[in-house]
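Look for chain A in each of the two complexes below; its partner is chain B in the first and chain C in the second.
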Partner chain A sequence: MIHRAGSGHPGGALSLVEILAELYARRMRFDPEHPDWPDRDRLILSKGHGVPALYAALAWYGYFPKEELLTLRRTDGRLEGHPDRCRVPGIEASTGSLGQGLSIGIGHALSGRLDQRTYRTFVILGDGEIQEGQVWEAALFASAHRLDNLTAFIDCNGFQLDDAVEKILSIEPVAEKWESFGWAVREIDGHSLGEIEEAIRWADGVRGKPSVIVARTVKGKGVSFMEGNNDFHGRAPTDEEFEHAMKELGAHPEREAFL
Partner chain B sequence: MRDIFLEEVYRIMKREDIFFLSDDFGSPVLDQLRRDFPERFVNVGIAEQNLINLAAGLALEGWTVYAYGIAAFLSMRAYEQVRVNLAMLSQWRDINVNLVAVGAGVSYDVSGPSHHCLEDLGLMRMLPNMTVFSPSDGILCEEIADYTAKASGPKYIRLDGKALPNLYKGIGAEELKCGFSEIRRGEKLCIVATGYMTHRALAACESLKSEIIDVGVIDVFLLKPFDEGKLFETLERYDGIVTLEEGFVNKGGLDGLISSLLEKNGSRKSLAALGFKDAYTFDVGNREYLHRLNQLDEESILRTIKSMLD
Partner chain C sequence: MTPEEKTNWTEREGRLERFPIGRATRDAYGEVLAALGADHPEIVVLDGDLAKSTKSAVFAERFPDRFFNAGIAEANMAGIASGLAACGKIPFISSFASFLICKTFDQLRLGVSYSKLPVKLVGSHGGITLGPDGVSQMSIEDIALAASLPGMTVVVPADEVSTGALVPQVYAHPGAVFLRTGRNKVPRIYDPGDTDFQLGKGRVLRKGGDVALVACGIMVAEAIYAAQVLEAEGVSCTVVDMHTVKPIDEELLVLVARECGAVVTAEEHQIYGGLGAIVSSVLGRNHPVPLEHVALRDTFAKSGEPEELKKLYGLTWREIVIAVERVLGRKRRELSEE
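Our next item is the complex of A and B:
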């Protein structure tokens, strides 16, 4: 997708693949035929630039045809480089401007509680993203209002746009920070499906406070030369790199085999 | 554009009272800057509001500050901070803060509307005490970078996300302060454009040459403050004016600048404003495509010109 588009963010898309896979395959209730079904679980990708991974999940479950994935960032399509709530079915929030998704998620969670609906709201944030002040305004609010139908994931892949998070503006110890803000915290390996599944089950059981799952991940996971290489934060692979990557992933580039 | 501007800032950084802040935005020149001036370069993280007030604090202590980031976020995510701590403060205190905003208009085309920046010219022009630059080439960028290091006050420098070919050979300090340049002399009609659209205007005029229609082009690179008298004098020579910008029209951008100038001088020339209409563009596509959807492509511009000449 990103190769074909010629631009995009492979690193931050690959780090959240397992989280999305686990949520869509095993946990979330949703109906692609009725994207606005009131009781669906909500998923907000606050780190909007990771959207290619989300598009893949949405296409897999039939929100739109898989072929459409190849129109990412391409003229006359609707798959923008960042999630668009207005035109793409299955997208819950228009993000791309970082730091805003958790607040939107709180709105959904608050509403769900008032309306006595049983859906859960999941929000995925980046580790660089949580440097935004608004995230912490939202964090205060969610625990003060005991929103236990809200679960955040932090995709801790160690990098942001320009460099390592630790070098630019450390967010550590991240688990303690959220704990002190009144959240229930779990720290996991964000590429282990088992740990993700277990953590989601744990979050479902938390009462009286919001929960956050700190997922330790690898930026660019799955492609050897992208792993931990922040050069791939915001650029598409070249033809050569693409072929190499597809080989590693066991796919055939010439057949767009993932379709 | 951004690299030329930053290269110039890199040279200026040798002066020891200059501080550079980045909103987690990169560039190869920036790596060099960080390496050679580690004490005076800080990537503040993804935190625009913090960035602006930090800049204000540094400036009050006497630093000349550059704050660098993506245009949409630098201009709008921390607008209140810019208003209170740069625009208001600078009315009484001498502060030199330069907002280096990359990604003018729809230069981040396929990133979608969250990354388009069509409001900034109007927003920044509205703030008292703000200086607003919108250069169309690298020569201007260099001159502007030099100017910003010397001149006090908060300044917004709107840069294209892509490299643009040079239009100028050189530009003097006086010319820069004047704010505009008539880069192509025409007869009845002229296009007043800024940034990327100046290139579009020139191309449109070229294709009219074969039809013996001579249309002028005025490039406005400083939207505030500029030499109003001189600009009006230049406009006076034309019967009709087309403004052309990569921004919303009727919102106080370039078109507002021209129409209020004409009005102030009691002029009733025919005026057409080309820019983005009162709606966001969600359709995905490259810059040319987004322009076409908003009637900013060459063909549409030519149509407007011809209808005005009729």
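Our next item is the complex of A and C:
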């Protein structure tokens, strides 16, 4: 997808693949035929630049044809470079300006509570993203209003555009910060399906406060030369790199992997 | 001595038939919103710790379950409103106009405007006439910023009656709306019970042939005062209450420009990007005529009493009269050149 588009953010998309896979395959209630079904569980990708991974999940479950994935970032396509709720079914929120998704998730969670619906709202944030002040405004609000129907994932892949998060503006200790803001916190390996599944089950059981799952991840996970290599934060692989990556992932590059 | 200095302003002032002072537009907003709440369970109201000032507190008292005080965290409040609207709610969010637009601009851009969601923004303490609190609380850029967002409707009503009539239309409008209200009691231009207001349509208050005065907010009353003075001196004015600044009533604008051949705009806002700039764009594209703007001339105001500030920063009927004299001079010159 990103290779074909010629631009995009492979690193931050690959770090959240397992989280998305677990949520869509095993936890979330949704109906691709009725994307607006009021009782659906919500997934808001606050770190909007990771959207290729979300597009893959949505296409897999039939929100739109898989072939359309190859139209990413094209003028004649609807798969925008960052999520657009008006164009793409299954996209809950238009994001990409970092820091906004948790607040939007709170809106969904509040609405669910007002209407006595039982859906859960999941929001995926990046670790660099939580440098944004709005995230902490939202963190205060969600705990003050005891939104236990809201669960955040922090995809802690350790990098942001310019460098390591630790070097630019450290967010550690992450878990303690969220705890002190009144959230129930769990820290996991964000690439272990088992740990993700267990953490989601734990979050479903938290009462009286919102929950956050701090997922320790590897940027560019799954492709040896992308893993932990921040050069792939915001650039597409070359033809050669693409072939190499597809081989490593056990896919045929000429078939664009999943088609 | 310029002709302006020779003018006897005291004599002119004596000719004014002032309107009775009514309530503040924010009071009318609070009352009508609470009334709407009874019939529309999908209305949810948020405020950024200024509910007593913006008057969303009236709704809060009647419907505490549908009111959320977001605290001093406006960006989060705007994001929450986006999520609520995506779930079918009609959120009204309030703060002072400056905080409501400036502190949330990115959230409004992506989560409301680009997301095409019907979030209703109601900013009180619009303009400079909130007075003594000074520049940090004033808002002279809100119209420009809000109007720059695709699909955003911008409403600046003149008095309590028009505000009361427009709030239900703001609710019913399918898109996002920014409604600017004011802190102070202002002249009541319309008779109580008057409901002849339509979102997106200007209202003609006087018909004249020499110049059209197009105003919004507190400057509508000043425009009428200016027309009263000018009328007695043989200049007949059309006065338009352009409560909906965007989308502006282009048809009416072109019509009055054609009929009068000269236009003066008046607004309690920075001269760049507000009513005057929008009128100028419409007339420039459709029917250029001599045009003058009464507005803040690329400056902030300062602390002070509202009426004194209006004089200090040129937002009274006097500046409108001067602008009319200037615009009529140009009109005459252009006619004699033809």
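One rule holds in what follows: the second predicted complex is superposed on the first by the 258 of 259 C-alpha atoms of A that agree within 3 Å, B and C clash if a C-alpha of one lies under 4 Å from a C-alpha of the other, contacts with A are read in each partner's own complex, and residues count from 1 in each chain.
Just so we're on the same page, a residue touches a chain if its C-beta (ideal position, glycine included) is under 8 Å from a C-beta of that chain, and two chains touch if they have at least 3 such contacts.
Quick caveat: nothing in here was measured; it's all calculated off a predicted structure.
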Contacts of A:D84 with chain B and chain C, given as first, second, both or neither: both
Contacts of A:D162 with chain B and chain C, given as first, second, both or neither: first
Partner chain in contact with A:L249 - chain B first, chain C second, else both or neither: neither
Contacts of A:R74 with chain B and chain C, given as first, second, both or neither: first
Touched partner set for A:S103, first chain B, second chain C, both or neither: second
Partner chain(s) touched by A:S111 [first = chain B, second = chain C, both, neither]: second
First, second, both or neither for A:E137, with chain B first and chain C second: second
Touching partner for A:A25 - first (chain B), second (chain C), both, neither: neither
Partner chain(s) touched by A:T95 [first = chain B, second = chain C, both, neither]: both
Touching both chain B and chain C, residues of chain A: 84, 86, 94-97, 99, 133
Residues on chain A engaged by chain C in the complex (per definition of touch): 38, 84-86, 92-97, 99-112, 114-115, 133-134, 137-138, 140-141, 144-145
Interface residues, chain A side, partner chain B - complex: 5, 7, 48, 71, 73-82, 84, 86-87, 94-99, 128-129, 131-133, 160-163, 168-169
Chain B residues touching chain A - in the complex, by the definition given at the top: 22, 24-26, 30, 43-47, 49-50, 72-73, 77, 110-115, 282-286, 289
Chain C - residues contacting chain A, complex: 44, 65-66, 68, 70-71, 73, 75-89, 91, 106-107, 109-111, 114-116
